[in-house]
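In the two complexes below, chain A is the common chain; its partner is chain B in one and chain C in the other.
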Partner chain A sequence: MGLLELLRKLKASPSHEIRVLLLGLDNAGKTTILKSLAGEEVSKVTPTQGFNIKSVKQEKWNLNVWDIGGQRNIRPYWRNYFENTDVLIYVIDSADRKRLDETGLELTELLEEEKLQGVPLLIFANKQDLLSAAPPGEIADSLGLNDIRTRTWQIQACSAMSGEGLEHGMNWVLKTCSKPK
Partner chain B sequence: MAGCCSCFRKKKSPKRKVTLLLVGLDNAGKTTAIKGIQGESQDDVAPTVGFSSIELQLDNFEITVYDLGGGRKIRSIWQNYYAEVHGIIFVIDASAEDRLSECQETLETVLSQEYVKGKRVLILANKQDQEGALDEIDICDQLDLETMVNNSKCPCRVETCSAIQGSGKKVDKSLREGFRWLLQNISSDWEDLHTRVEEDMIVKKEAQAAARKARLERARKAREEREKREAEERKARGEE
Partner chain C sequence: MLLKRFLLRYYPPGIILEYEQAKQIKTKSIDLLELSPETDIDSLLDDISRREPLITPNRMGQVRQLIIKLQTKLSKKDDHKFYLFKVLRAHILPLTNVAFNKSGSSFITGSYDRTCKVWDTASGEELHTLEGHRNVVYAIAFNNPYGDKIATGSFDKTCKLWSSEDGKCHHTYRGHTAEIVCLAFNPQSTLIATGSMDHTAKIWDVEKGTEVRTLSGHTAEIISLSFNTTGSHIITGSFDHTVALWDVHAGRQVHTLIGHRGEISSAQFNFDSSLVVTASMDKTCKLWDVRNGQCVGTFSGHEDEILDVVFDSTGQHIASASADSTARVYNAVTQACVTKLEGHEGEISKVTFNSQGTQILTASADKTARLWDPVTGQNLQVLEGHTDEIFSCSYNYEGNIIITGSKDNTCRIWR
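Coming up: the complex of A and B.
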């Protein structure tokens, strides 16, 4: 867990340092989103076995984004990263309607975690470039977002491939973080 | 002596916890309006495609406002909140005449909900600073509010305002006045309304819990099946 310590060092001035957790099932597109945000090549992304961390500078903020592998055998390790999370970004493959329920199950369990209570939630509804992407109302239903009362949530449609929607989503993240708690 | 007594009573009177629902078409100015009341910056408000809960103190009320997204594709989430609110604020972009029929349809749907009937509705005819913005009378006429209100038995008030005009102390007076009207009206019928909301919430929560359970069970099953299938595929490939 060397990188967890690294994070603590990175958190020098908390007011401008934002810790964002990027979670979601395998193949949702987390790493592609991260790479796209960092302006890197997105064509050769492979499944994440551990995690990636990126510091993304946008406006006056320094974002530390943690991208953690979503494969089933890695999911139990998600909890090692919950501490001090400012915003949770949950990425879904909106074209994979068969797995909407499953990703909802995973999210529901995630939101019950004590350390994530009250943490604002952004859903990146990714892969909008593909046909059959589900509309936000249906996504909210499948993910159980309608039961939420104690945290702010927002759905942002995006395509990590084209980069569309990513900036809007990150702007929401920044604005939500800059609010007094 | 009398003054002292009333002051004592004032202190003792408990704060009322009121929950309000803030809805209306996208781009109407809901988020801008609530930020104005709250005294927050209204710059650069982005469309809401989701939910946000805002806590406010006004007079003797502890208010929670649910600010929901108004876009066509997210509007279906509104129905999940009706049962638990004491009153509704419906914001209209009074300068968007081309969207009035969509507005009417949407408002009619809201007012005809079982959990909404009889509750107080504040209608904000927003964006009065824009040229050609409709006033109260136009709004009442063009939406045929009277019929809607009579059908739903919802005490209604239309207030014209310009939400973007200012925030905090500088917030549009009629916006604040509208809020006060809503709260006082809720207050005047508190016992009945409160009881109704509590009862409705029990029913709603049970239904919600059942739906949630069904959803999660379905998901667990799908996950198990998928994993079994994947394991078999691996086996077939000779990876085990």
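Coming up: the complex of A and C.
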């Protein structure tokens, strides 16, 4: 990747590129989703201390996906990465019911950010393969998604480990972004 | 004109003359870029006395001693082995760039955590945290050779000037409309130049904290910028595939170096500022004549994008680093490829010579930095330990300390 490549990725995306920002609490499964999208091995994933960037080809599109670490001490730095975002993907650990409130608060703050105004939002309700996972409807209620009026959004149940649901979500991303902005 | 005293400059070799003219102290330098331990002193002295009226016959003995001193330094055998001295873990997000002050007593690191930190090289202790930017601190510089000031350029679109002694912010320069990604002090330390993703470069006054002028003309992001040795000119390299040469005081574009077929990744003057070398995503490096802006040579051979290019301190050699995981060394005079540096297992994003020109340091996405012999191409050492890719690296002036900055949030000191 290198610093220079980071600058190239920072530029406003050309028409066939989509810049995707992947956020969510620590242990939500962002890096596993990123690796799964890139067709990489997902068994060995460690907490992200900074960020990971991967380019994913889908149809004629080149998705530049930025996966940003979600630990509490580095969440204030999420805004470093807001510029030129085309789609925000917010990942939730559906089985971590104790932190549904916390993740809801973080999401509310994100949606108030000026630089993310109008940016389409995809929620991945991840870890649906776990028995204790909350269903997407319950998560949508808990996050108050139905009150969102100023952007298009979608919630998608998925399992990053098995890959189930990811394709559906990404299809929504492509469909949403290929509409004229 | 009255000669007051001599000063030695080791890298690149030269003798600085301090003299008085019309009651003002001035300096000029006799550059000895081709000096080697084998150079014949007598003929060199003849040559100097013919060229330099300040050096009268009664000063020749002194000059001879100085040249012997330079030659002794040049002939010192360099078999220093580096080991990991300290791992600095104070940044909580990936590092961007790193830089030493001239003496090497301290260095600075920029980070995605929006700070720049000032470190004591000998102890590895953190001296100051420069806080105030609202986004990534990307470009950083000491005002060498003085080293009392630090400039930081940020994705928050501002540049800040700090005291390296107490860590206080003197000025915040506002005016760019996008991320600042490169910057440099002029050699006199009176000006700072910044290059930005907003397609412009700006020049700022160090003392007053004001904008001096904007250099407009590029049609895409400026990602590389440097002053020539006297500070009279600047080159800016851009994603628009061109490099522009600017007259600093007139604010005028003197030449546009046109010929690359891809984004520019790096551009640099040689020491006597007669040539510029440029690297591009088009897999070539080019050499340009500063006087007329014409391309005088193209180095091809790399199989992928070239990410960095540098001259050694005398301007005799050029090293290029590529995404093809090799680096190459070229002779700047004959333009021949001297050697190929092979061994990295990932793209090489930075390459640099030590001041002596006797060693090359490369930083790679394979998490290692490596040392090379620039003549034989032999790999001398692999600096292992980082757990993610290395973004930046630097030698100190003496060439016996190395710092590396990585995406793994650490900076490592090797000595």
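The rule is simple: the second predicted complex is superposed on the first by the 169 of 181 C-alpha atoms of A that agree within 3 Å, B and C clash if a C-alpha of one lies under 4 Å from a C-alpha of the other, contacts with A are read in each partner's own complex, and residues count from 1 in each chain.
One rule holds for everything that comes next: contacts are C-beta pairs under 8 Å (C-beta built on N, C-alpha and C of every residue); 3 or more make two chains touch, one makes a residue touch a chain.
Here the structure is a predicted model, which is why all the values come from computation and not from measurement.
Once the two complexes are overlaid on the shared chain, A:Arg149 sits against chain B while remaining clear of chain C. For chain A, the partner touching the most residues, choosing from chain B and chain C, is B. Once chain A of one complex is fitted onto chain A of the other, the partner contacts of A:Phe51 are limited to chain C, with no touch recorded for chain B. Once the two complexes are overlaid on the shared chain, A:Val87 sits clear of chain B and of chain C alike. When the two complexes are superposed on chain A, none of the residues of chain A touches both chain B and chain C. The touching residues of chain A, when paired with chain B in their complex, are 72, 98-99, 101-102, 104-105, 108, 123, 135-138, 140-142, 144-150, 152-157, 168, 171-172, 175, 179.
Considering their complex, residues 40, 44, 46, 48-53, 69, 71, 73-77, 80, 208, 212, 215-216, 218-220, 222-223, 226-227 of chain B touch chain A.
The touching residues of chain A, when paired with chain C in their complex, are 1-4, 7-8, 10-11, 49-51, 69, 73-74, 77, 79-80, 83. Listed in rising order, the residues of chain C touching chain A in the complex are 92-94, 96-97, 112-114, 135-136, 138, 155, 179, 181, 197, 221, 223, 239, 263, 265, 307, 323, 347, 349, 365, 388-389, 391-392, 407-409.
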